[in-house]
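Read from first to last, the chains carry the letters A, B, C and D; within each, the first residue is number 1.
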Amino acid sequence: MKQMTYLEAGREGLAEMMREDPTVWALGEDLGRGGVFGQYHGLQQEFGKDRIADTPISESCILGSAVGAAMMGTRPVVEMRFADFALCAVDELVNQAAKARYMFGGQARVPMVVREPSGLWRSSAAQHSQSLEAWYAHIPGLVVVMPATPADNKSLLKQAIRCDDPVVYLEHKDLWALQGPVDDDAPDLPLGKARIARAGSQITLLSWSAMFHQAMQAAELLAAQGVSAEVIDLRSLWPWDKATVCESVGRTGHLLIVHEAVRVGGFGAEIAATVSEKLFGQLKSAPARLAAPRIPISYAPTMENEVRISAEQIAAAALKQIGKINA
Amino acid sequence: MKQMTYLEAGREGLAEMMREDPTVWALGEDLGRGGVFGQYHGLQQEFGKDRIADTPISESCILGSAVGAAMMGTRPVVEMRFADFALCAVDELVNQAAKARYMFGGQARVPMVVREPSGLWRSSAAQHSQSLEAWYAHIPGLVVVMPATPADNKSLLKQAIRCDDPVVYLEHKDLWALQGPVDDDAPDLPLGKARIARAGSQITLLSWSAMFHQAMQAAELLAAQGVSAEVIDLRSLWPWDKATVCESVGRTGHLLIVHEAVRVGGFGAEIAATVSEKLFGQLKSAPARLAAPRIPISYAPTMENEVRISAEQIAAAALKQIGKINA
Amino acid sequence: MTASNFDRTRYSRFYSQMLRIRAFEQAAIKAKEEGLVLGAIHPSIGQEAAAVGVCENLKPDDILLSTHRGHGHTLSKGASPEAMMRELLGKVGGNCGGKGGSMHIADFSVGMLGANGVVGANINIAVGAAHAIKLKGEDKLVVCIFGDGAINRGPFLEGLNWAKIFNLPVLFVCEDNAYSATTHTRDTTAGEGPVARAKALGLEAQSIDGNDVVAVDIATQDYIRRVKMHGPHLLHLKTYRLGGHTSTDAAGYRPTGEADEKWNHDPLVRCRTLLTEAGVAVAELDNLEADASREMAAIYATARDAPFPPAIEAYADVQDIGDPRTEAF
Amino acid sequence: MTASNFDRTRYSRFYSQMLRIRAFEQAAIKAKEEGLVLGAIHPSIGQEAAAVGVCENLKPDDILLSTHRGHGHTLSKGASPEAMMRELLGKVGGNCGGKGGSMHIADFSVGMLGANGVVGANINIAVGAAHAIKLKGEDKLVVCIFGDGAINRGPFLEGLNWAKIFNLPVLFVCEDNAYSATTHTRDTTAGEGPVARAKALGLEAQSIDGNDVVAVDIATQDYIRRVKMHGPHLLHLKTYRLGGHTSTDAAGYRPTGEADEKWNHDPLVRCRTLLTEAGVAVAELDNLEADASREMAAIYATARDAPFPPAIEAYADVQDIGDPRTEAF
């Protein structure tokens, strides 16, 4: 199977969709030059300036125009550069894209993908590092996808583009260079399905995006200590795969949710609350959350690291949760 | 004690602060005419056009300019008209106001209040009805306040204005006309303290803003059926009064959280998850949430009512939760 | 405009459309007074010439985006007034199935892609619709109508700049009724207004008496041709909102006498005068007026008697993936 | 400008400041190459005349807002380069205590209210700062510097309109280096640019050769006087970014030869020529250059050797109410 990076996989997914469907196009700043991280490298050469459109620095129009273009039967892929800049276009996403189909009584479809490179990336500070997936999951009308691997980034991006709903597609900046196998013959994944990436019996570690990889490492560390952890990559936050999660936690009895976003009001809270509701009585411990403190993100590494969750921290929290060590 | 409406109480609170502190001023559209709901009625006459400023329809500048004005030692009170329109100014609130103090290493203070009339108001449809408090609670740097009564609206607004942090102050549109006692001599409330509005022993009903009144009615209905419900008005979402809530739930063993916002990713999830973490083992049931389905808000009352929680629904959910009736 | 080249058939039709809009809104205001219309409505009484002069020039597959004050535009674009009235009453058979109400009125079947509850938001959406037209190589255009207040929001700059950069087929129409809600827009608008701003963004633009339906018609025809050849243009239509911001706003903030004076320029009266001067019989014009009233009275009655949509419809048309009807378990 | 009225003392000082900026940024680029600067830096090499010509005219309590490319502005406003270098390295003693880095550099003690990571966001903030000045009746002004790319964002329209409406003491400065990241701004900007847009919003505005520090100085003096009398104005400074968008951007997207040609207009060389023509001794100018290098070399060394802030500082300065240090239980 071929190996490629997370970044290349996204690019290949987009290119394949553009070849397959002439109504697919992409818009954003500096795309002709490949986009700020190179995610669009070479695409303007293949597809021309109309379909890989270089835009002004006008986030509200980038996103807002995509709403109009989507309602008119094209499939725009919007590049927001940094998830933080999408905050310049929230009316367009939340009041317009997410609601158009509904408030017009089903007359509109808004098939668009909003790519928002998200998360911590060494010393990018408070305005270039945020993870706001919980916001989008709270908004009716939006689909929310967060791929963690190259294979998923290709497959899920393609599915997001095929989807008739507006999809917030959050790629993690720290995963761009991650290498992994991508199987061109694999059927594309349905949106909303989690993956049990590692089977285990004593605790379920649930995560997504970059944190998933920390969870996998944590499972190794736990294995070394004789603890069998199941690791789930949630992949989509809306819809989220309650069935897979509950089935797993039903078996293990312990759930530890790990995400990079701020813990207060993070999506981990929704999962924890839901799992409690569904499995009360079957749980051996309260669903636990390991996530960022409620502080902005610093530039200096010492302070920035305070919002980073490591595999060691996850393993320690898991051990504590299953009662192997004390607080 | 004098009686006044929630709207009048807010106005009086603002007027008192403006008399007390010459750096307090308000800005927004149509304020000279009293604001869209009359919350500013008469204030321009008293304080002049400089301190009750009529602005262009420029939400991003209304909020963004307040950030600059706050950093320069004034205390702007920003009127957003409808919480939904604040979505035109999210960069200004989240990337600027909330982070300025931090990212400049403590050099800045951003003492501003963002008033966002929020929530359902008959047939206002998808773009004039949203409750997005969960978003703000998730953002480090912000204080989030949601008063439910006239007395609180006066007292908490004054405290929000006095506070050196940016405060998102969500008044509920459906409460404007609510009458209640306001004690001018009462000391102003600290931000972040919940109120046990009705003592009870068998279940804790936790709510805020307009839903608090439904919860109070539900407690009446429950009392009529011999069930003793404690009712808490949370008042502030950040900080939220974990101590009061946990103490109550520790006694009753059951927690039912009721909010008007969408259930998925709503702040109820945070509370439910936290209470589970703190009180696992002491709980008689999983913390439960009654809140809106994940759908946009309709115009026609039949459909709009699907996102409204009634006292009857709360009472029924509470009975079910404590095992008095079956699913 | 001399009597000889005055197209009586055309402007009789325009007059009739203006009468229909007026009658529709009068019926809606009545329905609001009776508690039948549940949300706010923003009547466009006094602005009908702008709506009709622009929208009568659009083909069914041309695209229109409007504002919270969009009844006139929508009707003139060809939407069924019955479906519109039902929508205002939140009834079955409304254009948006009762989900939208007045502020979200839309009829995609006639190319009307929606009013909008957010001032200025339609500008970016319109530009995107035009972008799609360009990408698909279609021969149609987008008309985006917004108020004088909207030119102070960011999308005005971002959208017009965008349209020009990508050379998109959009006709921007600033329908200037002098007020933004309860504030005179002059007090919140720096510089010379929409035409100067549009020109600074590289668009051709002009101001027109928006209460003169013939002038609006001619300018629109001209600009539609130019838009198709040279990309985006802006028309500034100067009109006046004869009523309040919403139907329940008494508009006491206006200088005394202002509205009374403006009633002398009622575009319906002005159009009627032109037609009579051109020799159209008074009886014929009276008939058009009576027809419009009758049509809207009938519509009002059917809408009133129609049922509300079933509650379960609230869960439809949210989204396909993660549909709330199948997602909740 | 004749040799006779040329103020040698003044422009020697300006030259010295430009040299200090250049030397600071060269030191920063070196530190970045060595892995000491952790985040991205956006050098302003080639744009020093704009920074100095504007900021040397500001009093300590005048207010300045800048962009992601703000080292020059900040230094010229009087911030300590040592604190700035420490900030770039995320070290103790940085202006922002290591929390901000290059893109959030700020020194409130000299009226420098921050660079900003969001293009155009400083415009609304600046306008609000000026609003506070007006409310408090203070005699000072706000200078808001932004790039050519920022004029395509909504805040440009909203903020300039606002400043004019409220007649606020703001000098807007569009520092036009021809590029927005990797895109030539001409390709994304409709119309004639910032001056035309500002004029359409009722502001007086003019374009200046931004590489001519004397021209910038004179225009700034004039505009500062006018701002204090008549409210907001805009200066458009045409310059050129001699390096890449960030220090690690090779800028291969520029037409061959473009940058080489522009190096001939290096504002430092131009200023030096003026000074020598005015009779300033070459040795004196060489000394200024050596001083600047020495100063920044020393700073670089101390910054490099300074420690990182303790991790616990991450929890400070978030907020008073709901402070994360006391809230977590």
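We adopt the following convention: contacts are C-beta pairs under 8 Å (C-beta built on N, C-alpha and C of every residue); 3 or more make two chains touch, one makes a residue touch a chain.
Nothing here was measured: the structure is a model prediction, and the numbers come from that model.
Chemist: Count the C-beta pairs in contact for A-D and for A-C, then report the pair with the higher count.
Modeler: Top pair by contacting C-beta pairs is A-C.
Chemist: Relative to chain C, which chain's C-alpha centre is the most remote?
Modeler: D
Chemist: Averaging over Cα atoms per chain, report the distance between chain B and chain C in Å.
Modeler: Here chain B and chain C have centroids separated by 36 Å.
Chemist: So the centre of each chain is just the mean of its C-alpha atoms; given that, what is the distance between chain C and chain D in Å?
Modeler: 45
Chemist: Could you work out how far the Cα centre of chain A sits from that of chain C, in whole Å?
Modeler: The mean C-alpha positions of chain A and chain C differ by 40 Å.
Chemist: Enumerate the residues of chain D that touch no fewer than two other chains.
Modeler: In chain D, 94, 96, 98-100, 104, 116-118, 152-155, 158, 161, 165, 187-189, 318, 322, 324, 327 touch at least two other chains.
Chemist: Going by the contact rule already set, what residues in chain B reach two or more other chains?
Modeler: Expected reply: 55-56, 58, 60, 84-85, 88, 91, 95, 102-103, 125-127, 140-141, 238, 294-296, 298.
Chemist: Looking at the complex, which residues from chain D come into contact with chain C?
Modeler: 152-158, 160-161, 164-165, 187-192, 196-197, 199-203
Chemist: Please give the residue numbers of chain A that touch chain D in the complex, ascending.
Modeler: 29-30, 32-33, 36, 54-60, 84-85, 88, 122-128, 293-296, 298-307
Chemist: Going by the contact rule at the top, pick out the chain B residues touching chain D in the complex.
Modeler: 23, 25, 50-51, 53, 55-56, 58, 60-61, 63-74, 76, 91-92, 95-96, 100-108, 140-143, 163-165, 167, 191-192, 238-239, 242-243
Chemist: Give every residue of chain C touching chain A within the complex, in rising order.
Modeler: Answer in residue numbers: 63, 65, 94-100, 104, 106-109, 113-114, 116-118, 121, 123-136, 154-155, 158-159, 161-162, 165-166, 316-322, 324, 327, 329.
Chemist: Show which residues of chain A lie in contact with chain B when the two form their complex.
Modeler: 84-85, 87-88, 90-91, 94-95, 98-99, 102-103, 125-127, 132, 134-135, 137-141, 238, 261-262, 264-270, 272-274, 276-277, 280, 283, 285-289, 294-296, 298
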